[in-house]
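First chain A sits with chain B, and in the next complex the same chain sits with chain C.
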Partner chain A sequence: MSKPIVATASLAGCFGCHMSILDIDERILTLIDLVEFNKSPIDDIKTFSKTCDIGLIEGGCCNSENVENLRDFRKHCKILISVGECAIMGGLPALRNGIPVKDCFAEAYLNGPTVDPAGGIIPNDPELPIILDRVYPLHEIVKIDAFLPGCPPSAELIWKALTALIEGKPLELTYDLVKFD
Partner chain B sequence: MSTKAPLDSLLARHGKDPSGLIEILRDVQAALGSIPPEAVAKIAARLGLSRVDVEGVATFYHFFTARPAGTYAVYLNKNVVAEMKGRAEVARAFEKAAGCRFGETTADGLIGLHETSCIGMNDQEPSALINGVVFTRLTPARVRELVAGMKAGKETGKLVKKTGDGANQSRLVRAMVDNNIRKPGPVILAPFKSGAAVRKAVTWTPEDVVAEIKRSNLLGRGGAGFPTGLKWEFCGREACPPRYVVANADEGEPGTFKDRVILTELPHLLFEGMTIAGYAIGAREGILYLRAEYAYLKPRLEKVLADLRAQKLLGKAIAGKKGFAFDITIKLGAGAYVCGEESALLESAEGKRGAPRPRPPFPVQNGYLGLPTTVNNVETLCAAARILERGAGWFKTLGTPKSAGTKLLSVSGDCRKPGVYEVEFGLTINRLLEMAGGRDAQAVQVGGPSGTCVARGQFERRIGFEDLPTGGSIIVIGPQRDLFDVVRNFMDFFIEESCGWCTACRVGNTLLRQKFEKITSGKGTRQDLKEIEAWGKTIKAMSRCGLGQTSPNPILTTLLNFREKYEARVDATRDYVSTFDLEAAVRDAAAVTGQTLAEARHE
Partner chain C sequence: MSKIKFSVDGRECFGKPGQTILEAARDNGVYIPSLCRYEGLKPTGSCRICTVRVGGRYMAACTQPLSEGITVENTAPDLEDMRRAMIEMLFVGGNHMCPTCEKSGNCELQALAYRYQMLVPRFPYQFPLRTIDPTGPKLLVDHNRCIKCHRCVAMVKTKDGKSVFGPLYRSKRKKIGADLTLAAGLTDDQAKKAMDHCPVGAILKKEIGFAVPIGRRTYDKAPIGSDVETPRT
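So, the complex of A and B:
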């Protein structure tokens, strides 16, 4: 049997969940033996070249590009997993939810304390992704098959979840893996 | 500052004890029409609190407003029975006549239109409070008349044209509220000679009084049903007096109004029950915590207390018993459903935000001001007085083995005879519907939003702790209603009234409501039904008080008893439906930046 193919992405996240993947330490060598990576910042493959078995997504959706990217993942991945708080709930970026986008722009680009006193400008290049009215968790946009909680989920949790998936075993998150304090 | 002089003289009338904060804020709100920042700062300085402490309390209760609430502050009830009785037209009439929308105050500051949760007038909806005065059975025509009166500068009380029955006509009440006592019963709504119970109690030892209440199997009438005698025993056992008796007159469960009738017609019976509780547990002070919506009854309640003092039924050497002193004060709330929860009520009585406390310790150990306190429902205390008068044996002949005695039911909704019914426990819903004239009901909400929605096929179920416990709220839902409108109204109520302490309740109920909308709008799947059930269970398990622990009930009990209605709305052929709309989601930003999706996609 050929190796399962894994793709990963960070949308409106901080790459902390990807760092947590790297925190599996030397087991990364085992992982490379177990799976093949396709589109992912880990190998820097930018576009899907084949259908993947597992997609891991960090971060929610804060702009139109995130949405396109997520939909692309859904199209190419048999199993799609929300990794971490931002993907599951929106996380820190979602703190802006409830504040009109217009006001967020004004604070960030026109009135904020770090804006050039000579005057700021709201980024409006047509090729920039368009900011969404709020930050969305992934499952509101596409079907998500599993959720790995944490900020970030621990390396142990990610490792157990991945190996369970690869071996076709049920995904069981024991209490020690989801207890955060 | 124009508010300076009245504010200073007003504050001078109050002490510097922080437990009086709510009284002070009530006075400021009444005098200034709002609680402006300068008032917050002055109150904080005077009571030795931080500005945030005062602001926290001022923003917690919905009858306190930071912006002017209007010379005439109109609070229109928005509960589900008001909706059934034509609230929408009444609201439109208010907006049209006043010239502002709900949530706003007219430009001249004369009229403010606000919405409020149940004000305890479900038997005479649509109803509103205007500057604390109750107006019932509103119609668009009556609203136009009221607004004309306001514009003419009439005193709010003068806008009441006709007073209701019984003590509502009293000079000290003068309310247009009707009692609507449909069925008197043997325990509460029965003839009672003032003093009979207290005079008998003081011939017994406090231990014997507790033993008699225990023997009667009296269970708390607020709905939770904790044994009253046991509560008194626990409280009396606590070593450190002073102890307190608190009567919970914060009946905020939408649809209940039976305590309103007791407070109107039988306040002496209630005060007697409090006095007996005081005797039993060894307390010298009692507090009647009266919900703000019933503030119109306060002058008369004060008069009744004065009369009882004159008759030596309150004060020192009560009923001639040397060494037994007890008196009662009234504390008003300021609009918060959660204060009906006993530990939240105690916080509020202490002048704080009405956030429920973690338990244990329970109020019997750590209650008002940290002292042993028994908090009992108004009806419970009345029943206790009658048990002392007539005996536990008599009481136990009424009702069922596990639910002794009678229950006051507040019946409202789609029935011909809404009002208060005193019935023995064990009554079937069918029999109640017969009495109230609501036999064609499709469902009956027993126990208010936090209770159970009972389907037509289950009307042989019985009121009582064995099957359908209730604090008294019974809402009849006729065949013409969309049950989902009822559920939606109840969910909105809990979202509004959550104190915000527990995340599961504060956030979870909003998520439940969104999920409910997804399902009822036809975009739900079987998976959504599963999730709504699972989330409901999580909210119940992860919430500290009764509000959160029962808040998913409107959805969970209808899911249980009316599952087919939900199933009919979900698409069983699909396992996922997205409600996301990219075009709509980028609209706000695109309006500012001029971007288009096509260009952003680099097309």
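So, the complex of A and C:
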């Protein structure tokens, strides 16, 4: 049997969850034996070249590019997993939820204390993705099959979830694994 | 003193007259989860996390007096799922961002979510627009995290018995307000107690935070209620 294929992405996240994946330490060598990585910042593959078995996504959706990326992952991954607080509920970026985007932009680019007193400009290059009205959890945009909470989820949780999936065994959630911080 | 005989999930228990179901169960090593209840305070039964089933009827174990021969259901799967749903509703109804909260690790709402292994709430997040009131000299009140349990209203009082906190408005608009003049008169010790009485991170004592490292906080190692529970014999 060929190795399961894994893809990962960071949307509106801080890459902390990817750091937590690397925190499995020397087990990463075992992981490389167990799975093949496709689109992921870990191997720097930018586009999907085949259908993947497992997709790990950190970060919520704050702009149109995030949504496009997420839909691409849903299309190419059999099992899609929300990794971390931001993917599950928006996390830190979601602190802006409830505040009109216009006010956020004005604070960041026009009125903020660090803005050039000569006057700022709200970025408007057509190349930039459109900012959404609020930050959305992943499962409000596409179907998500599993959730790994934490900020970041511990390396132990990520390792146990991945190995359970690969071996086709149920994931045993002990008390120390489910933490939100 | 006379004993009242009752059972919880088939386990034979004995309680004292005047006790509530929750108190009597606790004395018998059975944990019934609760959130708005605080030891030493008159229970209000407002959060309903402690809902149990007695003779097919649902009741709040923290307010219901014990009576002879009752059969209490506490861990039936449908009851546990209902409690989990209530915890999830509290999470989506406010802005509970655990990674940014000083109370994380010592928060009773979070501890209940850990106990019930909430991975994601089944309800959509509401992201209500709420404010933070940092104007008091000793305390910071973050309405994003308030679950309106009224514990602070009943417990945080000045020397002459005046409540520092009180409810404002009703229904969805309801919030807990603080009397700034009274809050300014609190001692450091009273401010610390106010923070400890809050089950979540809505009341924080200023100037000191994150004092206890991760791993040594109240609910880092053992689930909430594990101090009450004794294994079935």
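Everything below uses one rule, namely that the second predicted complex is superposed on the first by the 178 of 181 C-alpha atoms of A that agree within 3 Å, B and C clash if a C-alpha of one lies under 4 Å from a C-alpha of the other, contacts with A are read in each partner's own complex, and residues count from 1 in each chain.
Note that a contact is a pair of C-beta atoms (placed from the backbone, for glycine too) under 8 Å apart; a residue touches a chain by one contact, two chains touch by 3 or more.
Not measured: the values here are computed from a predicted model.
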Quiz item: In the superposed model on chain A, is it clash or fit for chain B and chain C?
Solution: clash
Self-check item: Which superposed partner A:Pro149 touches (first chain B, second chain C, both, neither)
Solution: second
Quiz item: Is A:Asn111 contacted by the first partner chain B, the second partner chain C, both or neither?
Solution: neither
Quiz prompt | First (chain B), second (chain C), both or neither touched by A:Leu95 | solution = second
Quiz item: Which holds for A:Asn124: it touches chain B only (first), chain C only (second), both, or neither?
Solution: first
Exercise. Look at A:Thr30 in the shared chain and tell me whether it touches chain B only, chain C only, both, or neither; answer first, second, both or neither.
Key: neither
Quiz item: What is the contact status of A:Glu140 with respect to chain B (first) and chain C (second): first, second, both, or neither?
Solution: both
Quiz item: Looking at the overlay, does A:Glu85 come into contact with chain B only (first), chain C only (second), both, or neither?
Solution: second
Quiz item: chain C clashes with which stretch of chain B: 27-35, 45-53 or 585-593?
Solution: 45-53
Self-check item: On chain A, the residue positions that both chain B and chain C contact, one per complex
Solution: 134, 140
Practice problem: Could you pull out which chain A residues touch chain B in their complex? | Solution: 64-65, 67-68, 100-102, 105, 122-124, 126-134, 136, 140-143
Quiz item: Can you name the residues of chain C that touch chain A in the complex?
Solution: 95, 97-101, 104-105, 110, 113-114, 117-120, 124-125, 127-129, 214, 221-223
Practice problem: Going by the contact rule at the top, pick out the chain A residues touching chain C in the complex. | Solution: 82, 85, 88-92, 94-95, 97-99, 134, 137, 139-140, 146-149, 151, 173, 175-176, 178-181
Quiz item: In their complex, what parts of chain B are in touch with chain A?
Solution: 575-576, 578-580, 582, 584-597, 599-602
